[in-house]
Amino acid sequence: MARYETGFEDGRRLLRRRPERLAYGLLALTLVAAPWLLPAYHVGEATFILIMCVASLGLMTLTGFTGQVSLGQSAFVGIGAYIHTILLTQGVPLPLSLLLTTGGAALGGLLVGMPAIRVSGLHLAMVTMAFAIVCEHVLGRWKSVTGGHSGMAVPDPTLFGLSLGGPRAFYFLCLMVLAVVLLLLVNLMRSATGRAFIGIRDSEAAAQGLGIDVARTKVLAFSLSAACSGLAGALLAHQMQHITPEAFGLALSLQLVLMVFIGGLGSLRGAILGAILIGLLPSFISSLKEMLPARLGAQFGLELFVYGAVLTFFVLLEPGGLNSRWVRIRKVLAEFPWVRKSSTHQTKVYMKSERYR
Amino acid sequence: GAAGVGDKELVLGTHLDLSGPVAIAMPVIRNGIQMRIDEANEAGGINGRKLRLVVEDNASQPSQAVRAVDKLIRKDEVFALLCPFGSGPNVATVKKAVDAGVICFAPYAASGLVRQAAGQTPLLFTTNLNYDSTTSAAVKWATGNLGSKKVGFIYQEGPFGDLVGKGVKAALAAKGTPLAAEASYKVGDLDFSSHVARMQAAGVDLIVCATTTRETIAVAAEVKKLGLSGVNVLTASPGRAGLTIALGKDAMEGVYGVGTWRIAAPDQATAAEKSWAEGYRKRFKAEPDDVAAAFYDYTSWFLQEVRNAGRDLTADKLVKALQASTFKGVSSYDTQRFANNHIDPEWTRVEQVVQGRWTARSSVVDPAKSSL
Amino acid sequence: MLTLPHRQPIFHRRLANDRYLTRTDDAMTQLTQLIVQGISSGAIYGLVALGLVLGYKATEVLNFAQGDVVMLSAFLGWGLVVAVGLPFWLSFVLVLCISAALCFLLEAKIMRRIAGRPQFSGVMLTIGIGFMIRGGVSMLFGPQSRSYPTPWTGQSMQIGGSVVAELNLVIVGAAMGVTALLYYFLRRTTLGVAIHATSQNQLAAYLCGVRVKRLNSMVWAISGAIAALCGLLLAPITLVDLGLWFVMLKALAALVLGGFGSAPGAVIGGLLIGLIEQFAGVYLPDGVKDVAPYLVLIGVLVLYPRGILGESHGRRV
Amino acid sequence: MTPLLSVRNLETWYGPVRALHGVSLEVHAAQIVTVLGANGAGKTTLLNTIAGVLAPSNGTVEFEGRPIGGKDADEVARGGVVLVPEGRQIFPFLTIAENLRMGAFARRDAEIARDMAQMYDWFPRLFERQRQQAGLLSGGEQQMLAISRALMGRPRLLLLDEPSLGLSPLFTKDIFAIIKRIREQTKTAVLVVEQNAAIALATADHGYVIELGRVAAAGPCEALAQREDIKEFYLGGASHPPPQGVADGIRPARRRPSWN
Amino acid sequence: MSAEFFEVERLSLSFGGVKAVRDVSFSIRAGEILAVIGPNGAGKTSLLNLITRVFDASSGSIRFNGQDILRLARHDVVRQGIARTFQNIELFEGATVLENLLLGRHRADHGNFFSQMFNLPSVRRAEARTRERVEDVVRLLELAPFRHRPVAELPYGVRKVVELGRALAAEPRLLLLDEPASGLNPEETRRLAYWLEDIQAELGVTVVMVEHDMSLVAAVANRVVVMDQGQVLTDGTPAQVQADPRVIAAYLGT
């Protein structure tokens, strides 16, 4: 059956066509060259976004692929940041600490996931939200270990005696971590486990009927996403240089959920696009402010208002998320000279209850 | 020249909570700073430079503050951070700023912790009194003068509450009495009945509050509602503000507070205070407020030394100037100076709301040198 | 139990250094005090949660902006009473109407567009709208806190030996009244059944001739009015303040605890959380109070995944 | 005589996909009309468009002389055109009785209770289970519920999308008998889409065959039932047993699936 | 092989007061196609749900290849070689036809989570094998034109076929079908009959099929079990049951 094998291998290849390979190659080059092209501030922002990408990829596996909405992701980011900081202070070398942190967060995800999977949908969102609130509280109260609300200073990242604390070096550390995480997730998503995730999202009954161990797979997804978030937390700790519990509160959870949602559920690319959009918003807003007339720019609440407006705009007008827009653009580009006028016929849609999934 | 020091312009930055839980307290702070800067610019700038203030939002979120400070340092290339707000945000960012050689002046935050986070640096100048030493002095005063025996503590979870608590405990430890009860709340909590009930259950006769505006009022009102007539309420400095009375009205009557700056009632105001208030009203079409005055003052102090540091401005020069400076502003109790990079002496006194006005109950002292 | 209201304007009694004997409270008084307090603060959570239940019932959207509507209403109340100078009760009615109209429009113009999308889109959208409301209010009114007098400000009475602010009674009364009305409306009227039906299968509801769009908007309007009620009742307790939306977190917990989509459940959940907070606040170590409702929430949901009064949604294949 | 329902040149799109390419048909008062067609021909789309579930992008739908094309489904339903949709669409957490009462939502007359008794009489299984959540009914029971809920609305035009789906042979016959009886008693017109062409053609007066979103044939049912192509495609399995070839291993040449 | 291949004994199920299945016993020989017919609400779907462990039986036993199914964990039933389709189609709406079919093979997919993450050669080989089997199903059911179409867009009839394909992809030894012909027109039903023949003859799969379309039952079933009110009314060849007056009265009509 060699016929299928070749076809199939082609189908499974990551970058199928020449133009695609070219585009991604260019992207990689740009990312590598970026620290020299951008001013220092933007390198910092880019690093921040890379970190957010790692965290949002984690949530995407859970929410976008497995259909389990979690508002507790900030807790795992926090756990990661704290474990990593504590390990580093204890003198554990950076690579080992990153691994241990990832493992620790995965374990945390496992422990939270096991009871949490008993509920689903909005109930799950609420349980995980409660968990995040409790977790932040514990971080703030457990003074002997976490330094309480005054937080902890994060040691500089060093590798074999070399400091990675500078903006460029740290940018590359984050870029590398993101690349590895992305590659592993891409692999996972195109294999049996990834398909099982999607199956559970679309119909638990059918998934069960196909012999997928629903409980186990859900816990796995939880654990996986916690691991990514924890890893992101470790990097974030370096980015912040000083961590306090409030940094890992509900607001961060909401941001992450917004990233995967606005990026487009069920696509890793969406997670990254979402992280870029949401990650850039604050700086976008602050530069917007500078352009507005001083009276308006100085208004209190302007940030919040614009932030909300952008969210509303994207949720309303990009139902498939940024990813679907991207796919459409790519299609137009691919068919370029023959631009088909897509007839936009409004179809009526009806609310579907999700209460009996 | 140094970062932010241009030919015609001096760029300063700050980060405030413009969209977070404490945004309510920001307009006055911002107005106070802005007013002084505008005045300086209207007078032709300082040493030939106009001043430009870049305001960023930290939403009281340390992580957002980190990014805001990154932007201020790297993109706007500010010369100094002027009066950034919030303990969490400042603790998380101060090291970053001073490491980059940016002066951090007068953060409105738990000073002790900010200093701890900053490490050994000459670039940090805190003007906010230490919550622990001032509160400690006030609690000692209360045990002496009000005869308080059992002390309870209601505090905001976070660095601010922690630091006030340290002061309360220090004062009690000196007396050899333990803290009778403590109850924490999170920013955003609306209901303080259980906190007060806890105090009541422990039978306290003095409740020390590490609270800001709304919570101070809520605690005071709850105490009144329950008719706990032998119980005194003492609020740490953030709750002791003109605003709490303006909003809390009757509920605030009789509450004690730890003073950090003068709150001038309109009819008792000095000429300087009156003209300042007039200027504020004109500029912002709003009633002036003690916090605004305080931040106006801090900005004044800063600008005064920028002028003294001369046209050839560098961080080092300004640090030297500041260390050598003395200052007494519209709202200062007394002349202040920086010693060991920190405001010294820490003038404070105990006040009480009497007929809708913060009224002195003790003399102004420096808690490090003498007790109230 | 209800001894006669012994009305006393409480804020005018003491002066600066007055010192009275500390009241000796026996454990019983303390207990009743806590229960009364717990019920009255729980009632507010329940009331906010009720508004959430309604919106959820009809459109299966969990309105995360509810807390912001509460906050907005409080500001509107301040605006009408203090800035415009209208009498309290007129403002009261006006605010209810404005908030209802606003939520009506919100559903009709915005929420409707995401029909058929995953449930969580509604959450995302209302979060965005909530931000806009919060930002808008602080741009319009400024972020400062403020207060205004209500008929209940500062009034309190004695019930069974413990002091209760009249406002708390009003709140409890309002919560009970609204719950009873809603319960009757949802269970006993054709329109109520239609709301259930619409949420279960919107297409089928259309096919039965239900004016789904109007119905949904109307239900949102009612939930807006409830939010306004909460805002107006909360304002005298807590000041008119941007932070009012925080009540949303507790209301959410109440809603989930009681079982999504159950009106009595929401109120029970609210009361439960109110009581838990009070008791944890006094009898458990410091700090536990803040997380106690959430710990209970996690525990209850893990044991009863549908909440206390949640319907079971068996699905067959 | 003007028809009760007249559909002219109806065109419906799903986003970029055109599902109906200009369909015209008529239903007269008290007439039973059937629509036949292969999978994906657009039958469901047609009924949904008439009922207002989908919006047409072209063409007109008139009911009793008034245009109803593009109106919302609830308005169409209140106007007397009631659809039993594909896939049942019951209210899963309401009881059976509540489901039926929802069918009469738009009615204000006093005869609702009587009609309900009538439904229980026709569908005794529903009577037995009237307090049970509808979502727990068996597939066929749900279909009964969907049909009787539509009847509770006392439609003047009843649109049925594959009413026999999941019903036992006996019950399929019953349903069509009921349809006929209703037509006799109340002059209700019926437009029915059906895979079981044999019974549909036997019951209906007039028939349309839709292929790929177009009307491919139309005429009185007797005439349609005689046509060879229709016999082959639509009556094949129903009127006579399948070719013996299946058992013998000799198969008739496979027709390409209609979706190619 | 003998009657032991699949055996249901005195199986009962009740929901509160409703006795959906009462003391049902029957057995299937390997390679047989067994049709289950009966009036609406007779308990046919419930029977399938019992076999695939969606519901827990109140009493009775189900033996498959000497294994007691009722003792297994839910997801392990499939591992024993039992696959099913659903009456109301339970496809993964958000996925393409191909993905649905691949998911059908989940139980045969090997390799742990880490080897999948690193896309080790063993995983690549397993994936290739999986895809190969799925392509066989695509060919058998003529699904090639829809391979990459999202299921949500497909008409009812095609979805039915996709669901059948998904069950087949699991390479079951026992296939449970719930009304496979509902919603299909006679032409399509005839095609289904061929496929079922193929499935039986070429793949050697045993089939239990709940069905109302007697033309299909008559064409492919070796044996028919008639259920009524949760009980077995009678069983026999298609011709026998079609002639049974009780079956005519309760189910077929005249």
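Note that the chains are named A, B, C, D and E in the order they appear, and that numbering of residues resets to 1 at the start of each chain.
Just so it is clear, a contact is a pair of C-beta atoms (placed from the backbone, for glycine too) under 8 Å apart; a residue touches a chain by one contact, two chains touch by 3 or more.
Please read all numbers here as calculations on a predicted model, not as lab measurements.
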item	value
Given chain A and chain B, the chains that contact each of them	C
Identity of the chain that, by mean CA position, is farthest from chain D	B
Of A-D and B-C, pair with higher C-beta contact tally	B-C
Identity of the chain that, by mean CA position, is farthest from chain E	B
Chain B-chain E separation of Cα centroids, rounded to whole Å	73
CA centroid of chain B to CA centroid of chain D, Å	75
CA centroid of chain A to CA centroid of chain C, Å	33
Rounded Å distance between chain D and chain E, as computed from the means of their C-alpha atoms	28
Per-residue overlap in chain E, given as positions that touch at least 2 other chains	45, 54, 86-88, 90
Residues of chain D touching at least two other chains	14, 53, 92-93, 135-136
Multi-chain contact residues (two or more partners), chain C	134-135, 138, 142-143, 200-201, 203, 206, 249, 287, 290, 313-317
Contact footprint of chain C on chain B as seen in their complex	19, 21, 23-24, 26-27, 146-147, 157, 181-191, 193-195, 197-198, 200-201, 203, 205, 213-214, 217-218, 221, 224-231, 243, 247-251, 253-254, 352, 354
Partner chain D, residues of chain E touching it in the complex	15, 18, 37-42, 44-46, 87-88, 142, 145-146, 153-158, 179, 182-191, 193-194, 197, 212-216, 218-220, 250-253
Chain A residues within the chain C interface of the complex	69, 115-116, 118-123, 125-127, 129-131, 133-134, 137, 141, 205-206, 209, 254, 257-258, 261-262, 265, 299-312, 315-316, 319, 349-357
Chain D to chain A touching residues, read off their complex	13-16, 53-55, 57, 92-93, 135
For the chain C and chain B complex, residues of the former touching the latter	10-23, 25, 30, 33-34, 37, 41, 134-135, 138, 142-147, 154, 156, 163, 165, 234, 237-239, 241-244, 246-247, 249, 277-278, 280-282, 286-287, 289-290
